[in-house]
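Two complexes come next, and they have one chain in common, chain A, joined by chain B in the first and chain C in the second.
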Partner chain A sequence: MSFFGLIRLFIFPGVLFAVPAGWFFVWAEHKAVARIQRRIGPPLLQPFYDFIKLLGKRTPARTGVEAVLLKLYPVFSVLSLAGALALLPVFPHSAAGFSGDCVLLVALLEVPSICYILAGFTSGSIYGQIGAIREAVLSVANNVVLLLAIVTVAVTENTFRLTDLAGPTMNPGHWIGVLGILLCIPAKLRLNPFSTSSAEQEIYAGSLTEYAGAALGLWELAHALEWVALTGLVATLVLPAALPWFLYAPAFALVCLLQVLVLSAIAAGTARYTLQRSINFYWRWAGVLAVLAIGSAAAMRFHL
Partner chain B sequence: MNIVRLIFQNLRKGTVSFRLPHRHECTSDEYRGLIQNDASRCIGCGACAYVCPTAAIEVKRSADKYSWSYDPGKCTFCARCIDRCRPNTLSIESKLPPLYSKQGELKVCYEMEKKKPAPRPAPAATALAAAPVPVVVASAQTEKPVETKANAVPAIPTAAENPA
Partner chain C sequence: MTIVDRLMHLARRKSPRIFHLNTGSCNGCDIELVTCLSPRYDVEQLGIHLEGSPRHADILCITGPVTRNTLDAVKTAYAQVCEPKAVVALGSCPASCNVFAGSPMIAGPLEKHIPVDVYVPGCPPHPDAIINGIAKASEILANRGVREEAKGKPQK
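Take a look at the complex of A and B:
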C-alpha cells in the first residue's frame, strides 16, 4: 500500500478523522432535530459518552453460534465502512485508487445493510425479524436507484475509477447522478421518512432490539461511519478536485455537515412512510429519475 | 410548505427546554415532591412502609429504637404513605426535588426512641391492674378495620317487621 493509501486508511478520511467526524455528525443530527422541535438537544460529546458507556455494559449471555454471529455482524460493518472510507477519492490529485474501485466502494457500503438484515434474523426476536424484512425490502428498492445513480456518474466520465470521478463536471448526468445518491442516503441511514426498518415506536429498534453493550456500541459506531462515508461520497463528487489539501479537507467536512443538516431537517419535518409508500417512492420517482439520468448520460457519452 | 414554515418558525423562536441545573419553577400547589416526616410525632408504626409500592420507605425496629428511612430515588410519589399515616406526620412537598448525581444521595434516615403509647382513659382501673397493657408499637396489621359506609349495610327488614 502506498503512503497516501495508508494516510487515507488511518488518518483522512480514514479512522482518525472518520470516527470523531461520525460522532460529530450524529451529534449534529440530534442537535438539529432537537432545535427544530424546540429542544436544547444533547451536548457535543454525548455520542462519545454513549459509545464509552455501551462498551462498559455487561450483556446478557448468549450461547451457540448465534452469540458469535451477533458479535461479528457489527465488527464486519465497522471494518467494511473503514475500507469504504479509505477508498473515498479525497485528495484526488494524489493519484491513489485503482480501476474499478467504485464498484468495490458500492459493495462495501452495502455490507452494513446486509449485516443489519442478518442480525435481525439471527437475533430470534420478532421485532428483529420484522426490522430485517423491512430493511431487506427497502434495501432492494433503494439500491437499484443508488447503483443507477453511480453508474450514471461513471458513464459520464467513462470510468469506474473513483479518482477520475471526483470533482464536478459540466455534464448534467453527473449532477443528476449526485441527486440520485442524495435521495438514497435517508434510506441507507434509516432516517425519516424511510425509517421503517428501525421504527422505534412500532418495533423497538428493529434488527438491533436484542443488542446491548459493546456490540450495540459498535453498531452505533458503524452508523456514525456510515454518515461520513455516504455524505463523503457526495462531497467528493461535488468538490473541485484541484483544491489544495488545506482547503479541500475543511471544504470536505463542511459539505458533509451541510448534508447532515439538510437530511436532519427533512427527517424532523416528515413522518415515517409505510413500507409500501417507501418502495413506491424509490421504484416510481427516484427510479424514473435514475433511468432518465443514465439514459441522458449514455446519450451524451455515445453522442446520440 | 407548512412544515418548512414551521421549521423556520421553531428555529427562530428558540428552545423551550432547559439544560440542567436550570429548571422551571414549580407553579402548582398540588405538585408531588419529596415526602417529609415530622420525626417528633412519628410513632414508628410502619404503615407507610407497608403500603409503599416501591419500598422507598423502610422502617426497622429494634427493642427500644426504630429507624425510618426514605429513598426518593425509589419513590413514585404516589402519596399512599400519606393517606395511610394515622398520626399525620407525613407530608409531601409541593416543590421540585433537588438534583442529585449519586444513587441514594437524597436518602434520609431518622433513628428514634420508641414512644410509649398515650395513656388510655381508665374506665376500669381494677381490670387494668389485673392485666397491664403490654407496650406494643402500633402496626398496620394490628389496627382495627374502619367501619365504612360499605361495611355498614343496613339490616333487611323481615317480612314480619314489614308486612306490606
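Take a look at the complex of A and C:
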C-alpha cells in the first residue's frame, strides 16, 4: 500500500475524518428532523456521548459460538466501511486506485447489510429474525437499483476505476446513475420511508434487539460511517476532480451535509412504508428507471 | 476520579436511554411520558431517547401498580437492562398501588420486587416532573457507575 493509500485509510476520507464526520451527520440528521418537527433537538456531542456510554455498559456474558459471532459482525461492518472510505476517489490522481476498484467498493458497502442480516438470525430473538428477513428482502430490491446505477455510471465512462469515474461529466447517463444511487441511500441507511428493517418500537430494534454495550456502540459507529461512505460516494461523483485540495475538502463535506439534510427532510416528512410498498418502489419504479438508464447509456456508448 | 472516569460520568449523564414498561397502568402516565417526547417538552435536548429494547436502555420507566400478570415481565425487563442502570417509578401506582391497593390481582408496590431509585408522584405526574425524575435518575446512574468501577479496581 502506498503512502497515499495509508493517508486515505487513516486520515481523509478514512477513519480520522470519517468518525467525527459520521457522528456529525448522525447529529445533523436528528437535529434536522427535530427542527422540522419544531423541536430543539439533541446537543452536538450526543452521538459521541452515546458511543462512550455504550462502551461503559457491562453486558451479560453469552456462551457458545454465537457469542463470538455477535461480537464479530459489528467489527466486520466497521472495518469494511473504513476500507470503503479509503477507496473513495477524493483528490483523484492517476496513481490512485486500481482497475475495478468500483466493484470492490460496492462489495465493501454491502458487508454491513449482510452482517446486519446475520446478526438478526444469530441473536435468536424473534424480533431480530423479523428484522433480518426484512433487511434481506429490502436489500435484494435496492441493490439491483444500486448496482444498475453504478454500472450506468461506469458504462458512460467505459471503466470500473473510481478515479476515472469521479467528477461531473456532460453525459446524462452519469447524472441518472447518481440519481439512482441517491434513491438507494435511504434504504441502505434504514431511514424513513424505508425503515422497515429497523422499525423502532414496531419490532423493538430489529436485528439489534439483543445487542447491548460496546457491540451496540460499534453498530452505531458503523451506521455513522455508512452515512459518510454513501454520501461521500455521491459527492465524489458530482464534485469536479480538478479542484485544489483546500477547495475540494470543504466542498466534499458540504455536498455530504446537503445530502444529509435532504435525506433527513424526506425521513421526517414520510411515514414508514410496509415491506411490500418498499419493494414495489424499488422493483417497479426505481428498477425500471435503472434498466432504462443502463440501456440508453449502453446504446450511447456502443453507438447502437 | 481519573479523566476516563470523568468522561464516562459525563457521557452517562448526557445519554440516558429509557425503556418504558406498562404494568397495568390506566394509560394516564403513559400518555404523559409520551408527551415528554413531543415538541412542547422535547426531551431529546437532554439526550433522552425512548428505546424499543430494554437491552439498549439505561433507565427503566415503570408505570402501573404491577399486576400479577406483569410481574414476570417487570423482573425480566429489569434483568435485561445492562449495568449501570436506574429505575424510575412514574405516578402513584408503582409507589403505593394507588386506588388498586388491596386488590388480589395486584402484586405491587414496585419496590417489593425491584429496587426503585426515583419516584415521580402524581396521578398522572406532570411531564415536567417526569423529565425532572429522569434527569435525577441519570445523575444517580452516572454516580453509581463511577462507584462500581472504583469498587472493581484495586484499592491504593
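Convention: the second predicted complex is superposed on the first by the 302 of 304 C-alpha atoms of A that agree within 3 Å, B and C clash if a C-alpha of one lies under 4 Å from a C-alpha of the other, contacts with A are read in each partner's own complex, and residues count from 1 in each chain.
In this section, a contact is a pair of C-beta atoms (placed from the backbone, for glycine too) under 8 Å apart; a residue touches a chain by one contact, two chains touch by 3 or more.
The shown structure was predicted, so the numbers you read here are calculated from the model rather than taken from an experiment.
With the two structures aligned on chain A, chain B clashes with chain C. When the two structures are aligned on the shared chain, A:P60 is found in touch with chain C, with no touch to chain B. In the superposed model, A:N280 makes contact with neither chain B nor chain C. By the touch criterion defined above, A:G269 lies against chain B but remains apart from chain C after alignment on the C-alpha atoms of chain A.
By the touch criterion defined above, A:D50 lies against chain C but remains apart from chain B after alignment on the C-alpha atoms of chain A.
Within the superposed three-chain arrangement, the count of touched residues of chain A is higher for C, of the candidates chain B and chain C.
Contact with both chain B and chain C is seen for A:I40 once the two complexes are overlaid on the shared chain. Residue overlap on chain A between the chain B contacts of one complex and the chain C contacts of the other covers 34, 37-40. Within the complex, the chain A residues that touch chain C are 30, 34, 37-43, 45-46, 48-50, 52-53, 56-60, 127, 200-205, 208-213, 216.
In the complex of the two chains, the chain A residues touching chain B come out as 34-40, 265, 268-270. Interface residues of chain C facing chain A in the complex, by the touch rule stated above, are 7-8, 10-12, 14-15, 17, 39, 42, 44-45, 47, 50-53, 55-56, 58, 82-84, 145. On chain B, the positions that touch chain A within their shared complex are 3-4, 6-7, 10-11, 13-19.
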